[in-house]
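Each of the next two complexes has subunit A plus one more chain, namely subunit B in the first and subunit C in the second.
Showing the complex of A and B:
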């Protein structure tokens, strides 16, 4: 029984940044990269199912779509308990939106036939919140988004899940499997990778494929496979706070004044 | 392709506000795109007709299905696809709600429509729809278009568009959609745990702490600081997820709405859209953050770039000194 966990290498911007020459993204030199926070939780959820069912032969597969640099998030997933990893890339994937990314994940899902696909509820850089549920749409699988509880026994025809909605309201439901779900922060306590497991991760298999090798045509990948296109990206010209300058003591004093002014 | 279709969201018998905001967003686009229809999918759709008969709505389409007593993504997706194939609207608007997260991407795939989520600006340029959303933790804005797409589906950021209040008298059309089947079943609702007397919605003054606090050991001193200032202590989601403070203190979309707050001091909070949601009614926001580019500074009236622990230390000293002086 397999569980696929798609993971993303997300970017956060430095204090100062510049736009790329074509104005459609930030210059990558001004970015720091890490594993998407939500994916820490989906890896943990998958590994917990494996550990709770030691005789079920559960295999956890970490998958990422990205250039070579993205191997670092796969190694992290392997160190946190994934059994093997797959990375898909070719230059024509440049400019993909999340739907075009989902098309590739869906192809891997068709090929590997897992019982569960656990995506993050959203990515912490662009917060699209679309990739996982787009995969479900492409493979026509049952699905549920923003899951804070997942109860699944390998081989079962359904899973018990809880979705967390607005205002903290929880809906408990039964979902047919195989299924795609997206995992919300707080579903579990992700483990830290030990030094030993980091070392062991280097010995675990990491396969690299192109989208073409998966059987995707040129029309399905990259820009042609996308449902949106970035025209322009820019730092907004918005009203900014009035900045309180000075030493911490002066800043605190001004803050106390503001409290008095606002509340009286 | 012409016209605009808005999905009417409801939950536990109540119409949801996000769909009303989508009606507001559609109003400005009607002149270009054509009439506005609302689609209600429910076990008894009639009961939602009245709350959605507002603003620029021209038609309310109802689809009755016993499996849609509550939102079920597979039923919704199938019904929406069929109604959209029949009506051929050029623009489909949904709230960027948790229900839509489970629904909209599959719908976009099924229709091969242009698609963008969490949109807060829509305009037409040379006959094409251009949508604006944010990127890189709200630090940049992104304009998207949808080349060669006949239809576009957008999910709209909560609070970005104004819900109309005037009543309308739309035409009502009942449609039958056969053969759709749920793939999940609702078992129960669970309301958030009782607040234990913590009253974020009713508080006038909130001091809220986020992940910038660094360590659980620092929580206590902020609880004391809030008390000495007369503020209610609030927090961002990671602090509640960690179990450092009860969920009743969490401000934001999956927590509490600071509905009556005149002053909100956010310390070590980046300003994620889901946190901002909880602050949308606050009169004055003060942000303390060590990152001068944190998006919270885009909504705060006053900002302090600095270490929240240092600022808290100074506040404590100065409050203590003032007390001593007052004797």
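Showing the complex of A and C:
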């Protein structure tokens, strides 16, 4: 029995940053990269199912899409207890939107035939919260988004999940499996990997595939395979503070000026 | 360079403008005022390294500690610098030479203490304006000077000033703060004379003015002449008041002085100057200092534990001071100016104002230590640089258990060195005991110790892919550690307060406290609010530092009636940190009922039996085995309480270490090369010493047995080498 956990290497911004020349993203030099926080919880959820059922032969597969840099998030997933890791990349994947990404994940899902796909509810950098649900749509599987509780026994025909609704309501759903769910922060307490498991993870081979090898044409991936495009990314103009300088008399004069400007 | 850094650079430009002081120029507005370190003229390597490191870190000038001008001003047992002879000139010139390599200035604070210098080494008798007994020293009186004595002492200043110039100093002080000689002449509190050196303000100012004039004549064309002046002695009109004789003296002496170094207070309570963070925020002297610039045309500097660059900027921009004087912040972060210039504000190791540095001088001159900066005082003897670290000596991965002061410092330094480190703690936050302590009244700034490490660990972890900070995890068991996969393990599990009353007086638990009771609390219980606290609280104390008075304050302010029964001198260590006088005032003001010299024999629910520790008969007599050789103590009395707080002692939490040690045979099979213990887990100690432990182990982790510190370079007198150039070392009797 397999569980696939798609994971993402996300960017976080320095306090000060500059935009890329084309104005469509942040200059990567100003970013720090790490495993998406939501994915920490989906990895933990998968590993907990495996550990609760030691004889069920559960295999947790971490999957990511990205160039070689993205290996680090797969290593993290392996260190936390994933058994196998797959990375998909070819240059033509550059510019893929979340649906194109979902198309790739769906191909891996079709290939591996897992009982569960556990995605993070969203990525902390782009926050579309679409990829997981798009995968479910592409493979026509039952799905639930933003779940706060997961109860699944390997071999069972269904999983019990809970979602938190407005006003403190809880919705409990029974999903037929195989299914796709996206996982909310706080569903569990993600573990820290020990040095031993980090060392073992660093020694494990990673499966690296192209989208082409998964049977996807260039028209289905990258910019041609994406129906949305980033036109511009920008920090909105903020009101700026002004340091009033000079002698006390000059400062008072400037202050008066500002008050007058504001009043008019 | 990121935008923020560029902006910060421009923003603080004002602090990097040069300023002229007589024949010299300060290259910026960061100035290390004279402060003690325990080096003096006796440890030239320590002196030269500690001061020149700050020159490397961007300070414009560094001073010695107070520097005695003559054996008549000998502060032994405390350690001052000395410029008595050519031997001292040679030793102090090491400092000036090293400082000059960085284009910075070296200063020396010429000091004559009068009665405040007990002369326990020289056995000379100090002279003073009038004969008085020191309020700071025990049993020291001075000889009242006549005109010949005055001329002679002024010669001492001039001769020492010449030696200072010869040693390469750029700035030479006439030290008149902290109640030392020139101020004693100026202040009616000491000066009861009726001749031309006493009485009127002009007469009382005469000694100081003449002395500066003479120094200036001797060396004024070569060196900047500075004076450190307590512009208000905080005792009202008996002493100096800023708006009266304070500014008057500034006006009178302004033409003779190139640099004013101004502060407040006296010597007996010099914590009013070196204000601990418990009572004083940064800039706490500005209300007095700001008057000086209004009358002086010269460069004015002052201290006030300035730690925040924004505040420094404000002070200089508002014309309150020209130059930011710093002692403690320069110890905590010798690279403060450089970090400000480069916009690296979050890398500043901010002084927490605990005054543990000062405590060493007060104790009598052991090398200075710093709670924040473990390398302070270790520059020369261990070769530790606060900002530079040797590259890792192996590929060993290291597990550090416990993220308190020792563990977080150890992990930080290991990461700086390039090691893969896992720092694990069951708490949700880095900091260990500091997280508790920083919630006590007035101790918020102690949290800077945690904050610095938290920020630095965060930065370093981003650069070390396989390293982790694992907070909020289950406490690690011996099996967990064995299986963790670390090559080396560092245990830093701290030392909680005991709940059974074990103490330094009886070295045993207190009868009645063997079990945990709901009405008996440890300091952690009080701080974390884990147990209910009744109206009447009894604090039983056998600790000489701050915990008992801090808890008394916290509980009294929360509305409890507090009795503090102490078997040891309450808050004794706070005398050394200069917190004592105001801590006493605080306990008095809050009506805390303090019982001194009592200890407890037993505890029952709701009551404790106390006895006088001096109640057992003063005549000692042998009375045979099984009998104490004194009359039985019959002073026992019961006292009622609702809650008992035991501040009696701490004990290392060494369960994990002992457990691992017991299974040493399994280490190799699990890939473990060594298990080491640091900080309180080895033995309870000051935060400064726990931090040092962690730092040291991280620097020496490749050694054969890093548990044992490497020897440091000692500086001591060498037999066969006379201290005086051309002197002798053989035993010689005058017969």
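Please note the rule applied: the second predicted complex is superposed on the first by the 234 of 264 C-alpha atoms of A that agree within 3 Å, B and C clash if a C-alpha of one lies under 4 Å from a C-alpha of the other, contacts with A are read in each partner's own complex, and residues count from 1 in each chain.
Rule of thumb we're sticking to: a residue touches a chain if its C-beta (ideal position, glycine included) is under 8 Å from a C-beta of that chain, and two chains touch if they have at least 3 such contacts.
A quick note: this is a predicted structure, and the numbers were derived from the prediction, not measured.
**Q** Applying the touch criterion given at the start, work out whether A:157 contacts subunit B, subunit C, both or neither, answering first, second, both or neither.
**A** neither
**Q** If you count the residues of subunit A that each partner touches, which comes out higher, subunit B or subunit C?
**A** For subunit A, the partner with the higher number of touched residues is B.
**Q** A:197 contacts which: subunit B (first), subunit C (second), both, neither?
**A** second
**Q** Look at A:72 in the shared chain and tell me whether it touches subunit B only, subunit C only, both, or neither; answer first, second, both or neither.
**A** The second partner, subunit C, only.
**Q** Using the superposition on chain A described above, determine whether A:15 touches subunit B (first), subunit C (second), both, or neither.
**A** Both partners.
**Q** Looking at the overlay, does A:32 come into contact with subunit B only (first), subunit C only (second), both, or neither?
**A** Only subunit C is touched by A:32; subunit B is not.
**Q** Using the superposition on chain A as set up above, list the residues of subunit A that contact both subunit B and subunit C.
**A** In subunit A, residues 15-17 are touched by subunit B and also by subunit C.
**Q** Using the touch definition up top, name the residues of subunit C that touch subunit A in the complex.
**A** Checking each residue of subunit C against subunit A gives 2-5, 397, 399, 420, 422, 424, 462, 465-466, 468, 470, 472-473, 483-486.
**Q** Which bits of subunit B are touching subunit A when the two form their complex?
**A** 11, 70, 73-74, 77, 96-99, 101-110, 112-118, 130-131, 134-137, 139-147, 149, 183-192, 204-205, 229-230, 237-238, 240-241, 247, 250, 253-257, 262-263, 265, 273, 283-284, 286-287, 291-293, 297-298, 300-307, 310-311, 313-315, 317-319, 322
**Q** Inside the complex, what are the residues of subunit A that reach subunit B?
**A** 11-13, 15-17, 26, 99, 102, 121-122, 124-134, 136-138, 142-146, 160, 162-176, 182, 185-186, 227-236, 238-244, 248-249, 251-253, 255-256, 258-259, 262-263
**Q** Mind pulling up the subunit A residues that touch subunit C in the complex?
**A** Residue positions touching the partner: 14-18, 30, 32, 72, 75, 189, 192-199, 202.
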